[in-house]
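For reference, the structure I am asking about is given below.
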Amino acid sequence: MDIRELTCIRCPIGCHISVEMEEGKVVNITGNSCPRGAEYAASEVTDPVRTVTSLVRLKGGARPVVSVKTAGNVPKDRMMDVVAALKEVELEAPVHIGDVALRDVAGTGIDVVVTANA
Amino acid sequence: MTDMKKDLVIIGGGPAGLSAAVSASREGAEDILIIERDTRLGGILNQCIHNGFGLHTFKEELTGPEYADRYIRQVEDGKIPYMLDTMVVDLAYDDGSGDKIITAMNAKDGLFTISAKAVILAMGCRERPRGALNIPGFRPSGIYSAGTAQYYVNMEGRMPGRKVVILGSGDIGLIMARRMTYEGAKVLCVAELQPYSGGLKRNIVQCLDDFGIPLLLSHTVVDIKGKKRLEGVTIAEVDENRKPIPGTEVFYECDTLLLSCGLIPENELSGKLGVRMNGVTGGAYVNESLETSVPGVYACGNVLHVHDLVDYVSGEADMAGKNAAAFILGRTGTDDGNVINIKTENGVRYSVPSVVRPALMGNTLTVRFRVGNEYRDKDLAVYLNGKQLMRLPKRVMAPGEMEQIVLVKSKVEEIIAASEAKEHEVVIRVEDKA
Amino acid sequence: MTDVAVIGAGVTGSAVARELSRYDLEIVVLEKESDVCEGTSKANSGIVHSGYDAKPGTYKARFNVEGNRLIHELSKELDFPFKENGSLVLALEEDGRAGLEELLERGRKNGVPGLRIVERDELKKMEPNVSDSAVCALYAPTGGVVCPFNMNIALAENAADNGVTFRFNTEVTSIEKKNDEEGRGYYRIETTGGHVDARIVVNAAGVYADVFHNMVSGDRIHITPRKGQYCLMDKTAGGIVSHTLFQLPTKLGKGVLVTPTVHGNLMAGPTADDVDDKEDTSTTAAGLDTVLSRGALSVVSMPRMTITSFAGLRAHEDGGDFIIGEVKDAPGFIDAAGIESPGLTAAPAIGVYIAGLIRDILKPCEKEDFIGTRKGIPSMALADEEERKALIEADPAYSHVICRCELVTEGEIRNAITRTLGATTVDGVKRRTRAGMGRCQAGFCLARTIPILAELLGKSEEEITKSGAGSYYINGNIKDEL
């Protein structure tokens, strides 16, 4: 049996939650004070994901870079792969919120989209 | 004679100014002008490219520029006029007309004046510098406020350094720990003088824990090395009086120190106008309408008090805009002379507003405040004229997270009706569990 | 062969150069840092002392009183901020009265005008926030405050306008006495930027003046860097006092002063601790604590509104007085050494005196086209409405605010970079314009100042520094190292 400890981020209380795992499956969750905590803990230990926000270079704009984000969540352990994949991306102004900067970033199946008008 | 006349001038086109403009316009104010000193609307949101904005307002998670864009589009759609690259340098009150005289300048129009019936102060805030912390040592380059580093990285695509220590666990510092890591820098640690973090829990998890960056609570920088560029900092643990404990010093070799040690409302203009200030918040002293001591001058957002979430800024600014519109249109209602002073004590540091005229409050009024320490399993107790109005059990309260209570007009009126006096008092305090 | 080489572009060296530039001479100023005003001159109290403190008959007494007189005119001629706010030496215990009377007597002997002792009631009227324990005070109406940076910069600029060459990033490594073919003496000065031969050398090298003196003279001198730490407070605290408040030294120590600065901040300091390292301008926790706690003795309540703290090194010579004049066993080598307090006040008088010595040696002609005045950088913060309008009309860059705390515009920053001896560093811009000196301490304007410097100097942003080589800010682009 494996026990994973984490801090819940669903509200300011920040419960310390313990998740008991067996063969990759959640068997028990303790320390949470609401169902949202249990839900967070379960997904955090089985399939932790994050939205990545970063920058890509921009040609011909008022500024040399423009902000981007992953259009959906990517696996937590792929975050640095995502930003590294953006290193070679250069867009040309004008760009708008929602424009795709890079499709299927780092093989995650998730697109990276522009988050500012520039 | 001024160069221009306006009903409402909003100073600042950041989240507060934009929301105030949209709401004032919605409430029927027509002759509005937003004055923004930067080259675009949106204020500091433009450099806050991380997500987490808008969960309350739009029920979705947006980045800063996306959140700003929601409001900018409403300003554009409502054809609310704004001036960019324009700095307000003076603000005065005309005793005769009651108009507010704004002096501003830009490259196109030079120096000019505007008279306005109402003004909304929405200038935001700036970061506290190193000096405010009295960190000893040398004064090399490589020491930045977290917001400065954020500007460099997010707006200019430049790296202010490569090997980073962050002092202060305010949200901007936490966010920058992740941003610097994403862009190729090494963040060694975040040191926090207090035994608790000044930032949001989710930022500690997602900006530090995710990247294995240690958060050193009850630690501070006690020496800065490097005559030219920063070469390193010494960090020591502090005791319960926040004094460094000898023998706990650890040297961190780094070329960059980011400071995230709090924000100060930017109130130079409010001072020129003679607005009464609140010594605790560094912002104006306001009533239930978010009106300052100068009639027709309202304040909202971080220039009033530092917020933790932009959603709250938008909400507060919405109210300021609405009240400013009512002022212009002569719809503020009739005051009956009753006044409630809000007193904060026993762990509650301040409240916004500070004073309430019950006849002029809406059916409900949100009062926002912060506590001065971390509290666990306490009650938040609110009294009006000695009678308990509410008692809210709280699992955790911390200085980094803004708290709020809602006053209900009918309840308030019921209690003050029992008093002969016109002056009343609400007390907000932290108490042990009932 | 250069006529005169001045070592050090601090306030003393710059004052000497400025006075010498009245004559038809070839003058070079050698400075190891990247700008003028980079040593002791940039980190001191900014006080124009009236002159009661120094022992009668000393150089300190003489040049202090003369310098105080000169600064009044000079600040107008060279357009730098100066204010005669008057100073008060507080007796914080009843038995301090005798000490004040001693100072009063000394001041009279030194020729300080207007000195008198004020009693508690009058003192409280003059300074409502003065400490309740202040019994009486010595009032010196000619005490003042000056912008130490712009005084130094103005002197140097005016010297440069009159033909003096300033060589920065040029550190003197050795000085050797030589004779030319005609048997006339001169000095060969080796520097990190090649050698300079000069008939006359002026040693205005601050804490390093002993090093250079001892290169040419057997009559050795010794300078100890005496560290002084200061806290500078927000302008909203600047109004708590209007005079400069000194403390009469007690058994607790020399005391620290509390003063409004010429720009309206509040300042407290300095400490006085001898250090070994001539470059040790670091502050210490104990030092800053001393500044605030000792300073608090002078006022009812000390505002906790520090925006920055700093330390400077005074050049304290073992003899205790300034060493000024031609070195006996080194003809043509002129010392301006041991210039600690009241050195800033004394500098203009030292400049006149040393220029006189050199005039007597070299017997040069006076220039007919000497430019006696210099115009400073216009300040939008201080300008009235009409002046602001005119400035913007002439150059719209004066409407573009770069430093919000101190209201400094792009126009002022461009002026600071492009004028005579213009700024080449962020600190240089700061000292000339006050951009970055406000309550956010450059948090906002730093990133806006660097591109202007880069543009006007034709450099990349990576090459722009805080204060010369090694103090860079920008280190490449995002994702470079991913």
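The first chain written gets the first letter, and so on, giving A, B and C; residue counts start at 1 in each chain.
One rule holds in what follows: contacts are C-beta pairs under 8 Å (C-beta built on N, C-alpha and C of every residue); 3 or more make two chains touch, one makes a residue touch a chain.
Everything numeric in this text was worked out from a predicted model, so none of it was measured.
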Most centrally placed chain - per-chain CA mean versus overall CA mean
B
Farthest from chain A by Cα centre, which chain is it? Let me know.
C
Comparing A-C with A-B, the busier interface by C-beta pairs is A-B
CA centroid of chain B to CA centroid of chain C, Å:
39
Nearest whole angstrom, what separates the Cα centre of chain A from the Cα centre of chain B?
27
The distance between the C-alpha centres of chain A and chain C, rounded to whole Å, is 54
Which chain C residues touch at least two other chains?
478-479, 482
Shared-contact residues (touching 2 or more other chains) in chain A:
55, 65, 80, 83
Each of the following residues of chain B touches two or more other chains, namely 153, 155-157, 183
Of chain A, residues touching chain C in the complex
55, 65, 80, 83-84, 86-87
Along chain A, where are the residues that touch chain B in the complex?
6-9, 12-14, 33, 50-55, 57, 62-65, 67, 69, 76, 79-80, 83, 97, 115-117
Chain C residues within the chain B interface of the complex:
231-232, 236, 279, 281-285, 287-288, 306-310, 380, 385, 388-389, 392-393, 396-397, 399-401, 404-405, 407, 426, 439-444, 446-447, 461, 465-482
Going by the contact rule at the top, pick out the chain C residues touching chain A in the complex.
478-479, 482
Under the touch definition given earlier, write down the residues of chain B that touch chain A in their complex.
39, 46, 49-51, 61, 63, 65-66, 69, 153-157, 182-183, 200-202, 204-206, 209-210, 395-396, 398, 401
